[in-house]
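Have a look at these structures, which come just after this line.
Look for subunit A in each of the two complexes below; its partner is subunit B in the first and subunit C in the second.
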Partner chain A sequence: MSHRSFVWLCLLPLSISTAAFFLLPMAKLLITGSEGPKGFSEYLSIVVEPRYRMTLINTVVLAAATTVTTLVVATITGMFLQRHRFPGRSLLIAILTFPLAFPGVVVGFMIILLAGRQGLIGEVTSRLSGDKLVFAYSIHGLFLGYLYFSIPRVILTIMAAAQKLDPGLEEAARSLGAGPWAVQRDVVLPALMPAFVAAGAIAFATAMGAFGTAFTLATNIDVLPMLIYTEFTLAGNLATSAALSIGLGVITWMILALARSFSGNAVAAAG
Partner chain B sequence: MKTGLEHGVSLRVEGCAKTYADGTRALEPTTLDVASGETLVLLGPSGCGKTTLLRIIAGLETPDSGGRVLFDGKDLTSSPIERRNVGMVFQSYALFPNMTVAENIAYGLKIRGVAKPERAARVAELVQLTNISGLEDRRIDQLSGGQRQRVALARAVAIRPSVLLLDEPLTALDAALRERLRSELNRLLRTLGITAIYVTHDQAEAMELGDKVVVMRKGAIAQVGSPRDIYFKPADRFVAEFIGAANIIEAPIEDGRLMLAGGRQPVNGSEDLTTAVAMVRPETIRIVRSDGAALNGVVESVRFSGDRQRIVVRDVSDKPLVVDTANTIEVAVGERIGLAIAPEAIRFLPPDRR
Partner chain C sequence: MRDRMIFAAQLLFTMLVAAFLVVPAGLSMTAGITVNYFRGIQSGLTLQWVVQVWELYASTILLSFVIAFGTLAVTLLAGVPAAYALYIRGGRLSRGVEEIITLPVAIPGLALALGLLLTYGGFGDFRRSWLFILVGHVIFTMPFMVRSVMAVFANVDVKTLDEGAASLGASPWRRFRDVIVPNASPGILAGSLMVVTLSLGEFNLTWMLHTPLTKTLPIGLADSYASMRLEVASAYTLIFFIMIIPLLVAMQWFGGRGGVR
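Moving on, here comes the complex of A and B:
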């Protein structure tokens, strides 16, 4: 066999998987989306139809809030864990990354145990104030679940990026008179920017599309994956759910591309 | 050239030691004085404690209790680096990649709240001084290694530091560039009249840059002296062998002569010695005609390196003798030659402390 045909042979798995898992389903989804009574204008309904648009906004706000909060918590935690050595450190990291193994259903279940009707928070608040605080079955519960889900992933990315930071950079900034806040603002955070974009993109995409947790918490939470599910199974509205799916994908992709180019510009402008 | 940047404190390190949490001793109790405007070089092999000492002076490490660091007599031991007003230059350059060359240089001034026009003026002055004019708006990743280190130097000097600390600043550069930057650095240090501490493992750098050289070994100071002192009058065998090339001869002494296998070599100041550890620099040995010479030996190898040649001669002393000589002398391997050494070129070293 010549080298050339060997290379072509090696491309076979790629072509098959691209066709089977990407091209064919996407094409089918695209066609299905346009086969409803409204035709191709179905694709616009995600932004035109007030109910869908509200859901879209909800979903984007939830995903953005999850991403920002996750980045803040995970950066502080990850930097601390990277910089300090103490007994039990590796155990703590192992525990923190434990949720990586959980499916969305389990995460939803844990949120119910925490903030549900029989949950820990409800118990404590009813003892303290007489009012039972229950928020598991709403978008707030979902927010908590997504945080729980995203933080471990982002912590690991931040720790890996922080490890590669040249300690000389911080020492140089300090020698020039920069206090701890200035060092973070001017040196550490800009250096971690690529890691923020990468980790934030994963957190954002996950929060946009995750379904298991939302489904476990309640069926009436107003986010896009739930909307797609109800349109598909309950209303039997194939075209709408296909069009919404494409919309969810495209909008997530667009926001991520925007964030990436913005942060790229920010780095270029600063540097 | 007057630049308006002249400054520099006198520095005293007093009884500073460093022991890490795991019990390793990086630095034995060390006392050191640096005069204002002086360039002091800390020289030694890796792991000798030179970087630890520099970091204690910088305020990046705290000395074990009892140690003190004084700038102009003021005790700064408990001040962190950001309040010591020191300029630092690192082997890795440590330039901020998210800032331009000008922003890097101006960073310390910006932190100090210096107004923008004054910052710009100072940047202009410093790019001139460090030969990087025209690069002000470049990003760091668009610079060569030599340019980066010039920017790092400009950035460290911009804040008018009390002390300039340089941690192997030229080590990452290639040989030709290293030499050029070394002389530029020398000129800059003289121009600024700044107090500087320079860490290196390269003895040529130490010789050229240092007003005073501190040779360190295993966490302690082996010798402090001018470059000439440590070269010609090394305190012990370690310093003699670490600085330049040295022939160390161990031999008995009779009637003011070293009794060697290849002959008798007259020496000075040997009255109360019966055996000696003596050092002879290779360039102080002359090759002469074999008959009538005080010392005789056989050429073992000749290494011609253009500007000079290094000849190894056996059967003279207990170990082969290294001789550096002019490139015009022609000798062949196996030839019997005579050697002449002036008595004053031989320096006795204390017996090894082992």
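Moving on, here comes the complex of A and C:
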């Protein structure tokens, strides 16, 4: 057998499985989205229909808030851990990265243990002020859940990027008279920009499309994945759920593709 | 003095973040072996919840392992040769193929699952079997295997090795078996750990694809969170932690970055 045909043979199993179980289903999803009573305009309903548009805005705001908060938190901790050596440092790093493999449902349960009806925050607040603070089963709980999910990932990215920074640049800035804040603002943060974009895009896309956490916390949180799920299972509305999930897929894919074109390679594991 | 203050403030902040991540996990682990979580640890320690979880959900744990290792087998058989072909061939077509197989990472699991349901939901026997879930997991995890193997190829200059073996008269299949695969083993290992970890924890797709008879561990977890007492849900989560932690440690140990970032 020639080398050329061997290479083609090597690609065959993957091509067949991708065509049958990814491309074909996606094509079917696209067609189904236009087969409802509204035809192709179903695809516009995600922005035209007020109820869906509200859900889309909610989801985008939640994802943006998650991204910004995660980036701030992870930059402070990641830079700190990368810059300092002290006893217990590797334990802290282990703790901060250990939730990486938690699925969304488990993250949801973690939030219930923190802020649910029998949760720690409720316990502490009811002892302190008599009022029991319970917010797990709402969009605030979901926000906390996405932070829990994203912080470990982003910390790893920031630490890897900070390791590659040239300390000479900071020294040069200092020797030219820049104060510590100016060095951070004008030298360190711009150099970390590609890492921010890559990590931020992953956090954003995950917060847009993840389903497990919201599902565990409450089924009536008004975010896009829950809307798709309820349209499909409860309302049996195939066309709408197909069109909405295509819309959601296009948004998350575009964000990741934009970030990748800006900062090189980044593959996300959406949970 | 000022530097000490900044250091202390940052350390405190980092410890708070670590507490946010570790405290609920710790709560869940202790709740799983506490007689009554509401009354706290002084109510005594017990394994009754773990036993109860095992009685109720052992089948989900077993099925999760079957699907994870089945997914691993398929991603190895289809993914490793494909990674080789894509790397050796190069060019626009290869980049296009790589782009397409990576799409399922960016597209939410819900959309993938809906597509599979709409296309194959009518094939009753297939729809009802665990193979339906396996198919979803294969599509979702394949890019991690392919990309982690391709990353190794880029580092060890597999093209030269391959051409060297070819000039010595080795057939394509022998070269693949005796030169390519051994050289790719770090990537194969990293990819395998990633595939198994992702498959064991996959929920988004699986929730849509499962039937009452094909429940995996994360489906069982969601079920217990919704309908069982907190101690049972915690004991179940504890079992999941015990399963997943060795995999995580192995991933760190082998420095496997499995293309996650």
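To be clear about the criterion, the second predicted complex is superposed on the first by the 245 of 271 C-alpha atoms of A that agree within 3 Å, B and C clash if a C-alpha of one lies under 4 Å from a C-alpha of the other, contacts with A are read in each partner's own complex, and residues count from 1 in each chain.
As a working rule, a contact is a pair of C-beta atoms (placed from the backbone, for glycine too) under 8 Å apart; a residue touches a chain by one contact, two chains touch by 3 or more.
Just so it is clear, the structure is predicted and the values come from calculations on it, not from any experiment.
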Contacts of A:Phe215 with subunit B and subunit C, given as first, second, both or neither: second
First, second, both or neither for A:Ser175, with subunit B first and subunit C second: first
Contacts of A:Ile121 with subunit B and subunit C, given as first, second, both or neither: neither
First, second, both or neither for A:Val197, with subunit B first and subunit C second: neither
Touched partner set for A:Leu29, first subunit B, second subunit C, both or neither: second
Touched partner set for A:Val187, first subunit B, second subunit C, both or neither: first
More subunit A residues in contact - subunit B or subunit C: C
Overlapping contact positions on subunit A, where the subunit C interface meets the subunit B interface: 267, 270-271
Subunit B-touching residues of subunit A, taken from the complex the two chains share: 166, 168-169, 171-179, 182, 186-187, 190-191, 193, 267, 270-271
Residue numbers on subunit C that touch subunit A, as the complex places them: 7, 10-11, 13-15, 17-18, 20-25, 27-28, 31, 37-38, 74, 77-79, 81-82, 84-86, 88-89, 97, 100-112, 114-116, 118-120, 135-136, 138-139, 142-144, 146-147, 166, 171-173, 176, 197-198, 201-204, 207-208, 218, 221-222, 225-226, 230, 233-234, 237, 240, 244-245, 247-248, 252, 259-261
Complex contact set, residues of subunit B against subunit A: 58, 60, 80-88, 90, 92-100, 107-108, 111-112, 139-140, 152, 155-156, 159, 165
Subunit A - residues contacting subunit C, complex: 1-3, 6-11, 13-15, 17-18, 21-26, 28-29, 32, 73, 76-77, 80-81, 84, 86, 92, 95-106, 108-114, 118, 120, 147-148, 151-153, 156-157, 160, 198, 205, 208-212, 215-216, 225, 228-229, 232, 238, 241-242, 245-246, 248-249, 252-253, 256-257, 266-271
